[in-house]
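Dropping a structure here in structure tokens format, bear with me for questions.
Chain lettering (A, B and C) follows the sequence in which the chains are written, and residue indices restart at 1 in each chain.
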Amino acid sequence: MNWALVLDLLGTFFFALSGSLLAAQRGYDIIGSLLLGSLTGLGGGVIRDLIIGRPPVAFDQPIHLVAPVAAAVLVYFVAAGVERHSRPLLIFDAGGLALFCTTGTATAMNAGMNPVAAALLGVTTGVGGGLLRDVVANRDPQLFNPSDLYAVPAFLGAALTAALWYSPLPTPLSTFIAAALVFVFRVLSLHFRWRIPHARAGAQESSP
Amino acid sequence: MNWALVLDLLGTFFFALSGSLLAAQRGYDIIGSLLLGSLTGLGGGVIRDLIIGRPPVAFDQPIHLVAPVAAAVLVYFVAAGVERHSRPLLIFDAGGLALFCTTGTATAMNAGMNPVAAALLGVTTGVGGGLLRDVVANRDPQLFNPSDLYAVPAFLGAALTAALWYSPLPTPLSTFIAAALVFVFRVLSLHFRWRIPHARAGAQESSP
Amino acid sequence: MNWALVLDLLGTFFFALSGSLLAAQRGYDIIGSLLLGSLTGLGGGVIRDLIIGRPPVAFDQPIHLVAPVAAAVLVYFVAAGVERHSRPLLIFDAGGLALFCTTGTATAMNAGMNPVAAALLGVTTGVGGGLLRDVVANRDPQLFNPSDLYAVPAFLGAALTAALWYSPLPTPLSTFIAAALVFVFRVLSLHFRWRIPHARAGAQESSP
């Protein structure tokens, strides 16, 4: 069984769900839902593959398209009671973030990148799809929300995956462990409203 | 005569016109008009070529730069009576969409992609330039407007081009036929305000 | 000494400063500052390298990551008295623009591109990072501000670098001269509020 593909499809599905849910909240039509879900689910991986210099898997292996189609269909039928709540969008986004920052790093290590670049590419893969989603939906990116340490678990997960690469653990297992830790960390940070310091020392409140 | 180049230049010119017209409506200066036109006209093709893995033709064949320059000059001299109307922008955008979703698919088939990926890349090429235009001009993308089935003709045109690839018709002819059908479909959908279902079942009105 | 690397790191640092300063003005946290600085400082170069078809140096040579880290740290400690003024952001942005439009052109000429494409890629490199910065921070791009001829010095600097390529001057020297001229031109244009004609003839005032 191809674990890398399974984890990739799962991450794509989670991110696509977050995109299609946002589309439902915004009143987009079903094709807009499919497009925003696809961009969110596949965008980070396309950027990752372009930087690595290989054909983007979203185009090379059409099975990746199943995930955004399934997400758009699911949102179409179950979103009626959901679209006024922000929590499901955040949870699915956390799942996609956890999987993509770790599998992105592992993919880059596999491609022979140095560990620092691999971790950076993992972060890019993890936050890229959600950033594209927010940018094209014309809203302030969740990535830069100062009351939400969105990128911190991505950095930790990417660094952990790069470090575990040198451990005796098989890569699918270490990637899965890192992804699970990222997901738990992310959900806890949302629940307990963890924060980190502002971009400048002494800033006690965010600008209007 | 190189039909692929002619169709590509024509699509670039139409999209560049839509970008330069938007620039005129926004009060940008002439260089902003040239840049927004170039991004709209050449952006979809650059994304297409990066995903295929070949040098972007916009840079490899500088003749492509003629189209946005001509569009910016034309808008400079004739836009005075035009810039308060949204119709010309929509028509030129429809022309660019029709040509790029079909030529993008044909280019991908030529590069050896499977038909599903080729059609997806055709859609990406068709909607990419206009999406970039709307994102950098900081407005809600036309692509996601729920009262406008913008992406549907692109999907149909890309699928038709991929299907006609296996017909005995020569590629320039089948591409041109598909593009003409997409353009007619797009203009009719604008005129008769055709719509498709919302992203979630039961949504009767769009969100505020 | 590798002058190309020094100029590239300096441009990355200037652009990253502009990104981190904007993050401080917006009330982002320190990781948001690092991310926005990295995107601004490294984004133009990544686009340049993807179009040339080589591994992006930001990932291939991790020393490039030093610049955005230094910028975020600097902004953290010194931004307290700065973040309400727009002038430092404009000056640092001008430094990044001057260096990237010239080094981007020189890099493309080195890679064997024709002079027109090389100059276009220089402009893309120069304005790309700042455009990404403004787009993801969800503000109207400085690039399209009709009361600021932002892109004009980039065009002049890229064209001058491509022309000087055929002079007997060594490339580092000619690139540095072109960059210095672009910087001076840019700062003068800001100080004296130089403008160029609007996107359409007869437009005497910008749209609201």
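Note that a contact is a pair of C-beta atoms (placed from the backbone, for glycine too) under 8 Å apart; a residue touches a chain by one contact, two chains touch by 3 or more.
Given the structure is predicted, the values throughout are model-derived calculations rather than measurements.
Visitor: Does the chain-touch network form a line, ring, star, complete graph or other?
Guide: complete
Visitor: Examine where the copies chain A and chain B touch and state whether the two sides share over half of their residue numbers (same) or under half (different).
Guide: At the contact between chain A and chain B, which are copies of one sequence, the residues are largely different (under half shared).
Visitor: Can you compute the centre-to-centre distance for chain A and chain B, using the mean CA position of each chain? Integer Å is fine.
Guide: Each chain's C-alpha centroid was found; their separation is 28 Å.
Visitor: Touching at least two other chains at once: which residues of chain A meet that condition?
Guide: In chain A, the residues touching two or more other chains are 50, 135, 138.
Visitor: Considering the complex alone, what residue numbers of chain A touch chain C?
Guide: 50-51, 53, 113-114, 116-117, 120-121, 127, 131, 135, 138-141, 143-144, 146, 149, 151-152, 155, 195-203, 205-207
Visitor: Can you check the complex and tell me which residues of chain C touch chain A?
Guide: 20, 23-33, 35-36, 46, 50, 55-56, 58-60, 62, 65, 72, 75-77, 79-80, 83, 135-138
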